[in-house]
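The same subunit A turns up in both complexes below, where it pairs with subunit B and then with subunit C.
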Partner chain A sequence: MTETLKLTIDRRDGVAVIYTEGYINNQGGEEIARAAYGLLDEGYKQLLLNLTGTKIINSIGISILIEIIEKMLEIEGKLAFCALTPTIEKTFHIMGLAQYAAIFADETTAVSGLRSDP
Partner chain B sequence: MSSGAPAGEELRAELERLAREVLPGGRRALERLLPVFARAVGGGGAVYLRSEHGLRREIEAGPGTFPEHIEESPASSLAFDGGILAWSPPRDPSTLTSEATALALAVAAAAREVQLALHIRRQDFEVKTRGVQLEALYDVGLAIASTLDFERLCEEILMRAVSLLDARRGALYLARGEALGLERAFGGDAAPLLELGDSEVQALLEGEPTPNCCALPGAFHLLGVPILLEGEAKGVLVVGDKESRRGVGPFRPEDRRTLELLANQAAIALENVDLHRQALEKERLEREVELASQIQRQILPERAPELAGYELVGWNRPARHIGGDYYDFFRVAGGHETDGRIALVVGDVSGKGVPAALLVATLHSALRLLSEREPLSAAMIERLNRHILEWSSANKFITLFIAELDPASGELEFVNAGHNPALLLRADGSVEQLGATGLPLGLLPAARFGVERSRLACGDLLCLYSDGITEAASPEGEELGTAQLGELLAARSGLALPELVEAIDRAVVDLAAGRAQGDDQTLLLLRRRA
Partner chain C sequence: MIAATPLREVTLVLPMAADMELVASQAAAALASWIGMPSDRVDEVRMAVVEACINAFEHSRAAERKVDIRFLVWGNAEPERLEIRVHDRGVGFAPEAVERPRLEEKIRGERKRGWGLRIIQGLMDQVEIQSGAEGTTVVMSKSR
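And then the complex of A and B:
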């Protein structure tokens, strides 16, 4: 399993998808934040984090994701998550991320969900 | 909503909502007020909020250098509950203009709001993080009942430990003999083996600082706990370098308790998987043994051939599922089962179980092939001996009694390769022993074997057997013995052969008096009626 986070970005019709692979910790969270804020600067207001390649996250990574969510709320953008492991999904619910960011089972559903709810 | 006082959970949620609403407004107020204040003091300004790591810069405006973290309040600052407002160029607070003082108080009021909101959020975050930890401990407990995959369980335990304790690295070691072997590592290298007696490992488990410990080389801060089952260390769970937004640091005292709880759950889960693995392995071995047993049962003859003027019976009871005894009767080269020469065989392979069964199969096929091509002779048994020697493992050998009977004349040719003497009960009640004519098969490549002859007259009984019969013993150690077997045959000579077999079996069982059968038991009886 990859341990240092790797990111891939796919820009498509107003929605940017960030694919993560590896540990979302302090370093990993910072990388995601950099990528997300860069996409906001490019004008993307709908971001999807596809966590297919991530099996582990810690509280520092979660706090950074919360900051990204707050930033998105501030600019009236949207952030959604998809392809979470059951453990990570449960963690997101307990930590309150699911209150402010939608969670989808897969990428197709997530992209259409983001587009249908501008 | 309930009409009474809000429950703790509701209150916490309400506070969290309030903080979430207040925070953006407070920050916007700071963003607007601070630049105005900076202009009023003719320089720059910064708001610092107090955290567990000292004073952290929240926002700055205008020219001037304001470090991200400071330990103490500078002279040019105004303290408020939860932080300070600093400015440059340096000026005593008492010299600020009334406008600047009013602005400073407004900035401080907004900063207090932000600080309060952040404090509520931090508290909320910590409560939720604790909730995640409790859920994780519960989940690992559930895995005890649901995960029987060893690899998956090890990964789950290590991942949970690393993420719950905000560690950057981790390793799981499990007992391998006297040492602990590395089962899984995360975030970097780990030593392949740990010695529990090692002073560095002891220090780690006792909570002493052990930077760069062999368990996680290169990690500055380590936390390790034993995985204990009934007081015995079954492994070690170790994590390294606790993360914060500022980098890595030492673990907190409460982290040890969390890791210990996780290790307790892990111990039970790992034991459960191990027991399941042992059960599967036992089941697999039993299936193999049963299969080998079936094969061996197929090797032994289903019934004795019809032989005019003779009675013939064979009987075998293995001590375990698969035995090392073997018996057979078959038509030899040029013979016919009803009137031609018949081979009678009893063998005993050293050992029991699958290896013995394989050697029995080797003996069976070799003997059958050789007997199809040539009659019994010393040369034939010598070839058989070399074949057994070549295809058996070291220290394996076979004792074998093989005889060829000419039914018409009662002539008997036999070779006894280190086997128990066959007993020939004459019609007059006397017993002859047909002793060894050579060494057991498979011992020496150049072994020689003699072929001897005898003759069965009307009423004579030939008894071939394995040592499981004559060495059957009472609880006091008294064996049945060859002589007693001969006496038993003589005393029961009037019985038909199946009943005679039953009588011998009963005598053996009675002698053992309930003790488990120690060796395979085989009998082959041939009586000339006419």
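And then the complex of A and C:
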């Protein structure tokens, strides 16, 4: 029983959206990090993680997301999340992630939020 | 007054192996749903169980690479509360010595991990850690 995470990337005008599908554990977190750092290399400094397809995440996966947040702070970029389950959103709040990465209800609001706060 | 014997008891023995925490989370979700928990609370139980299993897998240093999980449903005539006991036979630790993680320090620091207990405490109604030479048991419960 191995859960693999599927990622899809949508490059938009200045904002790259990473869609996740599946469990975000250590391998899943690493895959997201690889995708995020690749997008930074391409010049995207505003990243949105759309977690519509993720119903469960663990703290190892989240700790890798924290590494991405650290990187975004270094380059003065922005990482945001959208479409979280209530439990994932609650967990991010428990950890204080919302102080460093905005959380939006849906993708439309998130993309316009990122664009209006460059 | 809550009965002294559980209405239901389910036991799982999990190998400490990749993604086995999901097996525990599925059992937890099934029981939480069975007692009538709303879906958001079921998800919170699932996530807490995942974290408790991962803690055991990663930190217990148990020679016997197994985790025992007991699910106990408590209540009088109707089920009211799900208790989950995640036990490893590892080296134990001092729960009071575990520092509460702070994101501002984690972001700038080398070690980003160490969130498991904080997450469990945030998601469950009650959490108790029993740890010693015989291993560690995380006892957590949530009402429906």
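Here is the rule we use: the second predicted complex is superposed on the first by the 115 of 118 C-alpha atoms of A that agree within 3 Å, B and C clash if a C-alpha of one lies under 4 Å from a C-alpha of the other, contacts with A are read in each partner's own complex, and residues count from 1 in each chain.
To be clear about the criterion, contacts are C-beta pairs under 8 Å (C-beta built on N, C-alpha and C of every residue); 3 or more make two chains touch, one makes a residue touch a chain.
Source: prediction; values computed, not measured.
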So, after the overlay on subunit A, do subunit B and subunit C clash or fit? They clash
Given the touch rule stated above, what does A:Ala102 touch, subunit B (first), subunit C (second), both, or neither? neither
Larger residue footprint on subunit A, choosing between subunit B and subunit C, goes to C
**Message:** Tell me the contact category for A:Glu74 with respect to subunit B and subunit C: first, second, both or neither.
**Reply:** first
Examine A:Lys55 and indicate which partner it touches, taking first as subunit B and second as subunit C; both and neither are also allowed. both
Once chain A of both complexes is superposed, is A:Ile94 in touch with subunit B (first), subunit C (second), both, or neither? both
For A:Leu40 in the superposed arrangement: first (subunit B), second (subunit C), both or neither?
neither
Q: Check the residue A:Leu7 against both partner chains and state whether it touches subunit B (first), subunit C (second), both, or neither.
A: neither
### Message
Once chain A of both complexes is superposed, is A:Tyr23 in touch with subunit B (first), subunit C (second), both, or neither?
### Response
both
Subunit A residues contacting subunit B in one complex and subunit C in the other 3, 23, 25, 55-60, 63, 66, 70, 87, 90-91, 94-96
The subunit C residues in contact with subunit A across the complex are 18-23, 25, 40, 43-44, 46-47, 50-51, 54, 101-104, 106-108, 112-113, 115-116, 118-119, 122-123
The residues of subunit A that touch subunit C in their complex are 1-3, 23, 25, 55-60, 62-64, 66-67, 69-70, 73, 85-88, 90-91, 94-97, 99-100
Per the touch rule, the subunit B residues reaching subunit A in their complex are 16, 24, 124-125, 128-129, 131-132, 135-136, 139, 159, 162-164, 166-168, 186-187, 243-245, 247
Given the complex, residues on subunit A that touch subunit B span 3, 23, 25-26, 55-60, 63, 66, 70, 74, 87, 90-91, 94-96
